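Common to both upcoming complexes is subunit A, partnered first by subunit B, then by subunit C.
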Partner chain A sequence: MREKTLYGLGALAIALLTHNIWKMLVNLPDEAFQGAIFRIIFFHVPAAFTCFTCFLVSLIAGISYLKTRDLKWDALGVSTTEVGLAFGAANLLTGMIWARIIWGIWWTWDWRLTSMLICWLLYGGYLVLRRAIEEPTERARLSAVMSILSFSVVPFVFFSIKWFRTQHPQPVLYGEGKMDSGYRAMLFGNWVPILMIAIVLVAVRMMQERRQREVDALRRSAHAF
Partner chain B sequence: MLFLRQVLTITAKDLRSELRTKEALNASLAFALVILLLFSFAFDANPEMMREISGGLLWLAFAFAGALILNRSFARELVNDCLDALISSPVPGAALFLGKVLANYVLLLGIEVVCLPIFGVFYNVRWAQQPLWLALVLILATWGVCVVGTIFSALTVNLRLRELMLPMLVYPMLIPCLMAAMMLTTPLLAGQPIEGDLFAWLRLLVGFDIIFTSLAVVLIDTVLIG
Partner chain C sequence: MNDAAARNFEYLAYGLITAWLVLVVYVLTLVSREGRIRRQMESLQRMLEDKEKH
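Entry: the complex of A and B
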């Protein structure tokens, strides 16, 4: 039953995404200065939002694990981190494609780009750390600590943006930025299916973790005989 | 008071055993010198170039040298189950941790003080033009490196591939601290005082030190005991 709900949610997300892409390509006009490529923002920005939502949930899961010592929090932590990394990669890659067309280069050591890459590497370290620990409770404990430490670097990385002039476009959603209401609606409208996909992926990954634990338990009892 | 005495006891123990064997100290100092030597092949060390990159070079050498010291910090206690003895002793986890941070701090600062004049000679940099500001940056940034490095030393102590895991996890975590140190050290070595925009970097260093010291003290019992 739960799996069917999940697949239903996934199918709904894909239908919404297709609908949005259709609208983006057919209904929305090209942006005045950038031309057709500007549409990548409808994936680039929601991917970043989704990525940081995932890392935030991973932090909460880490703290909850240390409080309750319930391994389901560890499963949530690793699932959200992995999915967050995937959307972080999507954010970086879409950004690079946009940069190649608008700036003419794939990458520049602009602070916004660098800080995102640092975040990505930090959470990548979390996954490498997990690989190196065999014992499940020790793995859960140390990766919860790692998740808390990683998240505390993120504000440093992001607030230092204020002290630089960056090549990355200034924020258009808050502060002084302005965005056409049609574009804005599409940006948030596209965040909905992308977030839904993230939720489905996290749920599937959590089921895998649970089954992994069941298999491990069976293997242990088989060895006991 | 008791807490402070416990911290200092651990620091004294670590420093004594390190100064008697000198295993991490020698390796780390030699490594720092080799890196400073290698940099000379990477670029042409003319005065204009050095004015731009001297801070970055120095802190890269310090960060690499620091990793060797930090690696030994908790690994030293594995032999004969010394770590278990330390954990079961009446010393609280926070005192054990801060004692070790302080010992690493003294060692790394010592290495930095030795490296600075050698760097000055090799690359023709008059490094002592702003001694007080430079000392402040060394004191703040080295503390950041040692606090983050020591908690990761504790975190990775029981892992396979410990020597590999520590630098891989620590360097991304240290980026804000190292970056601020580099940004501040480069103008200081060129003889300019810290002023204007540069104070933002100093604030970042102070903030980094405070946040990570408190976080590490809160988390150390979880890391060491469970």
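Entry: the complex of A and C
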């Protein structure tokens, strides 16, 4: 039942995204200076929001694990980190494609781009660390600490365009930034299904983590015979 | 459509494909992990049943 609900939610999210792509290509006008490539923002920004939301949940899961020592928080932590990394990769790659057209280069060591890459690598390190530790409680404890430490970079990534002079465009949704209401509606309209997909992926990954624990328990009893 | 606009659309398509591709690759890793866990579970259950019989 739960799995059917999840897959239904995933299918609904994909249908919504497909509908949005059609609307974005057919109904929305080109941006005056950037032309058609501007539309990448409708994936680039929601992917970043989803990535940071996942990392925030991973932080909460890390703190909760250290307080309760309940492994379900560890499962939530690893699931949100993995899904956050996938959306972080989508954010970085779509940004590079946009930059190739607008700036004429794939990459520049700008504050925003560099801090986002460092953030992504730190969370990637979290997954590498988990693979290196066999003992489940030790792995969960160190992962929680790593998750809390890694999150310290997230506000820096978010505000780097306000704090430093950067090549990356200034914020369009807060501060002095302005965005046409049609573009704004599309951006948030895309974030909803992307977030729904993230929720489905996190839930599926958490179920796998629970099953993996069952496998580990079976392995221990097989060796105990 | 001029050359610049065509190039703009071409790169927009690359962007959209990349975003979907990242998602598809992640889903495939989930599917492959699911299969691995299922195989491990079945083999361990068989092993435990064999041990109980003997």
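Throughout what follows, the second predicted complex is superposed on the first by the 216 of 225 C-alpha atoms of A that agree within 3 Å, B and C clash if a C-alpha of one lies under 4 Å from a C-alpha of the other, contacts with A are read in each partner's own complex, and residues count from 1 in each chain.
The rule is short, and it goes like this: contacts are C-beta pairs under 8 Å (C-beta built on N, C-alpha and C of every residue); 3 or more make two chains touch, one makes a residue touch a chain.
Quick caveat, the model's predicted, so the values are computed rather than measured.
Of the two partner chains placed by superposition, A:R184 touches none, neither subunit B nor subunit C. Applying the stated contact rule after C-alpha superposition, one finds that A:T94 touches subunit C and leaves subunit B untouched. When the two structures are aligned on the shared chain, A:R39 is found in touch with subunit C, with no touch to subunit B. Contact with neither subunit B nor subunit C is seen for A:K67 once the two complexes are overlaid on the shared chain. Once chain A of one complex is fitted onto chain A of the other, the partner contacts of A:S152 are limited to subunit B, with no touch recorded for subunit C.
For subunit A, the partner touching the most residues, choosing from subunit B and subunit C, is C.
By the touch criterion defined above, A:A222 reaches subunit C but does not reach subunit B. Looking at the complex, you find that subunit B touches subunit A at residues 151, 155-156, 158-161, 165, 168-169, 172-173, 175-176, 197, 200, 204, 207-208, 211-212, 215, 219, 222-223, 226. Here subunit A touches subunit B in the complex through residues 66, 118, 121-122, 125, 128-129, 132-133, 137-138, 141-142, 144-146, 148-150, 152-153, 156-157, 160, 163, going by the rule given at the top. Residue ranges of subunit C in contact with subunit A, taken from their complex: 4-5, 7-9, 11-12, 14-16, 18-19, 22-23, 26-27, 30, 33-34, 37, 40-41, 44-45, 47-48, 51.
Remark: subunit A residues 21, 34-37, 39-40, 43-44, 47, 82-83, 86-87, 89-90, 93-94, 97-98, 100-101, 197, 201, 204-205, 208, 211-212, 214-215, 218-219, 221-222, 225 touch subunit C in the complex.
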